[in-house]
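Two complexes, one shared chain (chain A), two partners (chain B, chain C).
Presenting the complex of A and B:
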């Protein structure tokens, strides 16, 4: 079985499991939407201020609630499932890539689901909005990679809920900075290429780290 | 050690933290052999099976499984010839029994029809649409046995082989185990019911060491 076929099968399985639990669609997305809706109530109806703050607030909500997407119950297999995957001879890098694809797709879904609320309530005046087709997947991929790496690390050392956010939040700051500045650049009509390069570089670094660490992390699990 | 074993362990020990799980365990599994593994709860039977399955590295001693030395990278290449049915089901609870077995077939490069056929052989053809988390323990065990039929292993490790199974399914365990040994493989079965074990010999884990059972 080819590497990419394994990636496809693992991602398909993860998305199928998520479609049954619907954790992201029924819990995380509504709460994220609620957070975006509540902020204007606190700030008031100062339209220029909301327009200015909107993109930054959007990314903070994506980061914080995206953490729930990354930490969703279905993202982590129990020991019996992990043993099965190992005995089936799945390449750890393929399992890592498959899990990343699934998590990134869910984060992207979450980003897109919040989009209409951002536009309706904050009117962010994004002139170069087609760039969102690049920015949103880059951020989603970065968060998917971060989540899968953090999941592997915490599983291998036998902990999860307490350590994972501590691992993810600091590492996600470059993503948050790149995403916020890219949207700010779009709003002000500035160039955003440096920020896209930052996002791409972070994704690449995480992807290489994840692939290299996949086997040692898998074998470290007792 | 004669070089032809399916698996052997030589003075294998395992310490987890301050707890000694295994000490100087010696074991040999020959082709065509069915071996029973007995021992009280918490004696380390599952841990021993995981070492034989190359999923866990011992802290001392040596051994080899299907020609690959335990603790080396060689084991990666032979893992797909091992099936281990643990006491916890290796199934995704949110997926149906059919989806779970089909996933195993797909991930091992086999067609989904092989999975459907295996599910029918263990008597679950009508339950293939049932989610794993809505299935009985016996159905889950049968679905796990279907995995052994799909993958046709050289080494079959069955933890609590008869737990939760009715008489018909216990017969299936023997049929599947016999199929593996007939193909030159070996089977190790853990059970708390030695009388039900239809094996060539049994060993017992006592205080971390393996003893022959007469």
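Presenting the complex of A and C:
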């Protein structure tokens, strides 16, 4: 089996598990939507203010509630599953890449699901919206990479559910900054290329780190 | 003479910190900010030391993954601990400096926010180390995080250039010579302090590992005795 075929099969396996439980679609996404509804009740329902704050709040919800998407992945990957993947001869780098693809796809789905709710409730300015087709996947990929690495190092640790967000949230700062500043740049009609480069550079750095760390990560959970 | 030979680094550090402290208190004050600017001689070296410590953690992590030598893991862990302490010191010193200059302890300013997050990243690194008991597994997992966490360092460093805000960019070259010399002296003094702390912490880490190994041996022998000593002849129900 080629490397890319292995990546495909691992990603397919993870997405198949998700399609059976529909945890992201039926639980995490509504939970995130509920947060977007509750926030204005806490900070005030001033429409112009919400329109201005909406995109930033959206990214915060994506980042914090995206943790549930990432933790879901590490929760379903039990020791038996990992052993089976290893026995099938899947390359550690391919297993890492496959898991990242699946997690990124789920985070992207989560982002897209929350988008209409943001627009409906906050009425944000949508200048330059086609750029979202670039920004959303870049952020989802970064979160997927970060989540797969952090889930790997915390696998089978008793405090995993607390430790994984502590590792991921501060490290996702460049993703949050890149996403929010890019949207702000679009709103003000400024260039956003430096922010896209930042997002791409972070994704690339995490991808290289993850692929290089894939074998030690696999040894760590053996 | 033996004490001087064994403790030359500590003695040199105390001397240079003394000189640096004296110089920072007596050098001419900044024209605009006055005496409050003197906190720069603690704030900037602390931040420099935090960067240095976290870079050493990254190097130690990469070296462990390559060699599997526990000494590299001890170096990475010890340096991260010192880095966290000095990041905290840089943040607190910065906040004390900010109050009279900016009018408040904290502003939502990129350098402050990124530095605070750097602090939390390495707290997470240390928490990860505490959560794993097996030394080899701990070293392996921590090494991966030690490398990934280093991605944040250039972001903190360049944040003042990328997001131009209240915090000034690096000004070591533009300030007056007496102030610059004092600042550099502070950086050298803090670097010496780092070397001393790192050496002590490494020694402590080595002793901790030896103690853990001895405790493990003892617990093994007790368990062994429990299993092998009781015999059927002495069983109360017989």
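Operating definition for what follows: the second predicted complex is superposed on the first by the 210 of 222 C-alpha atoms of A that agree within 3 Å, B and C clash if a C-alpha of one lies under 4 Å from a C-alpha of the other, contacts with A are read in each partner's own complex, and residues count from 1 in each chain.
The working rule: a contact is a pair of C-beta atoms (placed from the backbone, for glycine too) under 8 Å apart; a residue touches a chain by one contact, two chains touch by 3 or more.
Every value quoted in this text rests on a predicted model; they were computed, and no experiment measured them.
Colleague: Where does A:180 make contact in the superposed view: on chain B (first), on chain C (second), on both, or on neither?
Modeller: neither
Colleague: Identify the partner contact of A:16: answer first if only chain B is touched, second if only chain C is, both if each is, neither if none is.
Modeller: first
Colleague: I'd like to know which partner A:206 touches here: chain B for first, chain C for second, both or neither.
Modeller: Touch partner of A:206: chain C, not chain B.
Colleague: Contacts for A:166 in the overlay, against chain B (first) and chain C (second): which applies, first, second, both or neither?
Modeller: After superposition on chain A, A:166 lies in contact with chain C alone.
Colleague: Just to be sure I read the superposition right, which of the two partners does A:148 touch: chain B = first, chain C = second, or both, or neither?
Modeller: neither
Colleague: With both complexes overlaid on chain A, does A:86 touch chain B (first), chain C (second), both or neither?
Modeller: first
Colleague: Thinking of the overlay built on chain A, is A:216 touched by chain B (first), by chain C (second), by both, or by neither?
Modeller: The answer is second: A:216 touches chain C but not chain B.
Colleague: Can you pull the chain A residues that chain B and chain C both touch?
Modeller: Touching chain B in the first complex and chain C in the second, residues 219 of chain A appear in both lists.
Colleague: In their shared complex, at which residues does chain A touch chain C?
Modeller: Within the complex, chain A touches chain C at residues 146, 149-150, 152-154, 157-159, 163, 166-167, 169-171, 173-174, 177, 181, 194, 198, 202, 205-206, 209, 213, 216-217, 219-220.
Colleague: For the complex, which residues does chain C have touching chain A?
Modeller: Per the touch definition, chain C meets chain A at residues 65, 110, 113-114, 117-118, 120-121, 123-125, 127-128, 131-132, 137, 140-145, 147-149, 151-152, 155, 162-163.
Colleague: Can you check the complex and tell me which residues of chain B touch chain A?
Modeller: Counting only chain B, the residues touching chain A are 16, 50, 53, 55-57, 76-77, 79-80, 82-84, 86, 88-92, 94-95, 99, 103-104, 106-109, 131, 147, 151.
Colleague: Can you check the complex and tell me which residues of chain A touch chain B?
Modeller: Interface residues on chain A, with respect to chain B: 1, 6, 9-10, 13, 16-17, 20-21, 74, 77-81, 83-90, 219, 222.
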